[in-house]
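Quick notes on the structure that follows.
Read from first to last, the chains carry the letters A, B, C and D; within each, the first residue is number 1.
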């Protein structure tokens, strides 16, 4: 059952007019499309065909689906004389848009050996040529410019999924290849320090001044918060190893009931991709090879159940410790830095400092609509609203999130058992 | 996987001292215990052995488990010289208290042909005698009195589950027996009228003046609400039939993604227990036989997915219509009436008027802890907190809820796909 | 998927006229019907309602189904003025007779709390009265007498299933009741001796002189057998413990591929109902309590996979050892003794000597039709023929088989993974 | 559960010395290896990576596994100084040889994006070079020559599986590619004529004069057969369409019980790969495109359950009709023609005449060892014996079987529900 659907872009609608800052559209289009291809350089055609589970998609499916978005929502309606590359693709590369018609089942994307990677690349080139010709045709009106930006934001979301999905597939190989360069060791993380936030009636959600937002960040609304404190950094592997050493995965009292059931059913004993080395020490499998677990890195690839259990355990050290709500996180976080740490090409989480480090941070908040939220109308309004059930909010962005796609009000969401995303946590506490 | 655990009682703890109004303890004990037995009069020993699904328990298991609660948490520690009825029962009738030790798996309760119903009745008599003798021994201190009341509230919760669980089992029989008297036809429901509630900063949760509360109703806290309106009655079968006639179960755009997946996987076409009669008209199977669907009754035995889809559909009639949040519900509801409609013994939902009618009302709120909530310590503190994941809140109480167990701040909770509880809905709307 | 359907009776047909020796029909009817009731004396109404797996049925279902057979195939057509006890029973207690119409699903028999045990007993009494009155009406013609005998043989088959099915259910209880008297210890089994059978063209199958046969024992046909030897007794627990001690359950090379897959998937380490005692010694759970494994008893409750693996292992001791084919078994066995060992009421396998001991013996033969076999026509001809796929033949009869129901040419059959029947093995070998 | 394992080669052993006719080893090696590559010319790297179900393997896995066989059983032991291409391959490309050590799970072969197709081709070239150098080194002794031939027969078996497995995968694509040329229409099939075979004691199994045999064709043994008749051609699509038109897939009485359960569970309504065209006529999806069903072709891609149901239905036309046993088939078949119909490259069954047409023919015989059969010793003796459970025998060979791999005594075997092989049937009848 496709309960875990990756965050996907939304489209403009009257209720939530996209407030998109004008840019050089063609340059930006080229930039985003190029970043996608940069991420798949190390992958063979065979790699790009793999689907390791229903929630993950083959690389080449991502490459085609993001292209399909431009073809379906821009070129087909707005570019005079545009001819679709292949009429079958409307069916093959629709993700979950009931309004666009039938589509190939998500769980069976791994059966699509055709089109090949080469054909998908030709599809991308075909659409890129048409898009650039169309963009050369003159300035876009505001709505069309916003729709273009939406397609680019959508592609950026899939850039992250390309990394998380191929990581899941390749880590199942008994001898996983190293396709990216290894990162430098993380800097020492230091002790957690706590920042106090006073009680008050705060405003949460998009302000209207953002370059771009998704509909689920609206409407801006008031939330009463009691006084709380929040940690200045994410939880590290060193922190998490203490939890493990203290029986974290064996003590039922630390876990939500559903979480404990998963721990037992799947025999969880550590974060995803960790394994015992020959000497018994923990190692982590990464896209740049298998290495000892680095104590200074943020703990990554944990579920919300594990984040919650860790926080419950941490209460013995820091009374009142817990996961922050998403409102608390947003009020505390401030704006993201203009410059993120240099991307080293490793796609491996290393930075714990600040609120916009390298891991998505699980919150205590279920993913629901903000007060007054209404999903937009039409076929391309199915993206955020219909997933507001059974999922938990993550905030902040990860090492796999492309530059420029990080935002204070951004709401990511996944079911609480999800582990294949770059997900970690930060502690809050009630004084 | 037993993810859906019925609401079960909690126990007193320092952080949330039970504020229990003194009563004649022995009289109240007798009253509650007698009500349990009154509910099972029409059931055979064979009926009481059935377990129709992992989430439902056999009647005789409920009869024994509620008794086990008094034996384990009161008699064994507080009544000098008490001898347990059977040492195996500590294992057999523990529900999910990890702190009390190992227990027989929930999903396998239907394999317990032993103890028999007669033996369970002897167990109840044994514990009742010991309890009454102990209660005769003198006034209880405040903590113990509260613990006793907790056991009684716990038993009342299981009184409701006795009805919902046996209904589920018997309705699976190809020729279900009628074990309760039929209700009179419902009164005409009338048009929905809307009550306006102004925006403001409201207080939600237990005030401290209640006779009894569970820990999940605390702490009382502030919530900012925008102005909203709320319907004066629950949605009726007549209302719901319009939704069905308008393709409600066939229109993907009305549903949450997870809900739509369940609709297709389980081929839902109507509320649980509805079936087509020979002429094609809808009938409903009840504990007093099969009858035509009464248009004036509240729609009952629907999941939160169905409630949500109905509300989305209803927006075309009442712009802004949606499910209320639990805070909105609580602010709008006011106190329950001192006298509920006379119980006619039918255990069939008939009343739509007011906020405390005959069906639990699904809300838009995920079940999480109130700000500052902390689960109590100890073995008997596992009841509410650990279920705060993947469930949605229901409010108001049902026809199966025993008298005196209804309360403004009471939070019931079940996973959104749940249908075997007496669950319906009420609309709210954003003006 | 109900692939494993217990052996059930067949009915007379032109091609295989039943050759049933005349007896006092009424006395025999009473005798067989009484034996059924004798077997359920120790069971509570709750016990009789249990269904522990799709392949096993509740005791009271067996009690009703055997009665339904007489009502459906004899009284309803042949007894003037007979009124069925309850018209619903035609649906509820049909087992798998497509020709009789729809039926309640096999896997859901455990949901039938109604009719109660008392009502089933009343049903039996109603049919018994009608049957005896009808039998008093005069001598039966040959066909009708044979049909009556078929109903009685059918009931005897269910007498065995009553024991095997309730044993499976009660052994799943964490504290299984002892409902039968314990047996005396088995006599020492002694060394295996081998009997040689010369090569030749033999005749296999019913001779036409039997008191009663099922259609699958026909037609009698020629089979060429090479010379072989066969053991004079069944394999004992002592024998089997050697196999276990020698890594029998851990050595893939001893197992059929499908068998090995089951061993790993279900973590088989010993016969069904065996468990480790506190000191590590093997115990066996029985219907008369839990006891140390008796080395002299025949090994029982093993699958054909285990029987086959044991035989492969035994080849190291007895070169050429293997399971016998059913033809070899039949040629070697000779006629069963007129008197079986006194039934001690324990329903526990103790006797290894001879070919008609206490356990069904797995053979190497897949269950298929004999050359020229054709299933009989009509609704009651569905019993044996349609199960000739995916099952293996067992021979000889067990401690749970009623007296008089044992026969040289009798073919029992179950899927090779079956363990809840009283099944063991005997070795053959190729010289 | 990997119950359905494709037929795979066995190795020589003392008990069954391979009687392999001397040939030019190097020329034969080249010929067989080249045929493998010829079959995959139309496949992309992405196609070759697909695994559509646990029972089917990716093309490139077949290419590597057959190569692994020569590396493991010949080069590693017999060619001085041979260096394995990649030490991981011993693990990755072992199929089910417990004796060779651990191996990658069969059901997860589709996760092996690495090695790529190009790397597998390099592996083949590496082993081919070493094999040819070794074969140049001088004449082989008889045992080694036989082992070489075994590897080639093994590769031929996988040549057939390459076709059946990729067909299964590509037919799941919503727009299957046509990778082979279309066949010419089949010749009219004509009426069935029957050939009579008299009763007698026949000899079955390998004579010792074959060029090559597998161990499961031995020992030659005597079987008594009653007189029977056998059809001169396979059942055609026209024949089968009559069965379908007569309600074949809706009439429970025609089916084995297990077969009927599968029909309902999987909603079978026609052979695998058949679908309704726009006008309602039946079409068949093939590796050369989708076409109307040709009435003159042999019915293909049916399970043994369907073959058995067809035969039961056919009895109304031809009294006594049924499936032949494998002994009957072998006695009736005679030797295969020296020249088969010219291979047109379509890999599509077209020929019904004779016993060695284009479809494997299901028999009524369960796959068990011949009397006196013993699996050979050692790691490479696991191939045939351990699958002698739960499978049915097919005879004759198919359009996908390579030339020279067809033999009168050849025993193919698959579970009765199998449909993705080129399987059909021929009728026998009892006079």
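Just so it is clear, a residue touches a chain if its C-beta (ideal position, glycine included) is under 8 Å from a C-beta of that chain, and two chains touch if they have at least 3 such contacts.
None of these values were measured; they are calculated from a predicted model.
Asks: Mind listing the chains that sit against chain C and also against chain D?
Replies: Chains that touch both chain C and chain D, as defined above, do not exist here.
Asks: Name the chain whose C-alpha centroid is farthest from the C-alpha centroid of chain C.
Replies: That would be chain A.
Asks: CA centre of chain A versus CA centre of chain D: separation in Å?
Replies: That gives a centre separation of 47 Å.
Asks: Would you kindly tell me how far, in whole Å, the mean C-alpha position of chain C lies from that of chain A?
Replies: 59
Asks: Cα centroid separation between chain A and chain B, in whole Å?
Replies: One centre to the other, that is 37 Å.
Asks: Which parts of chain A, given as residue numbers and ranges, touch two or more other chains?
Replies: Not one residue of chain A touches more than one other chain, so the list is empty.
Asks: Over in the complex, which chain A residues touch chain B? Could you list them?
Replies: Spelled out, the residues of chain A in touch with chain B are 1-3, 5, 96, 98-99, 201, 221-226, 252-253, 255-261, 265, 305, 308, 325, 364-366, 368-369, 371-372, 382, 386-390, 416, 430.
Asks: For the complex, which residues does chain A have touching chain D?
Replies: 44-50, 52, 60, 88, 91-92, 104, 108, 110-114, 116-117, 169-170, 172-175, 177
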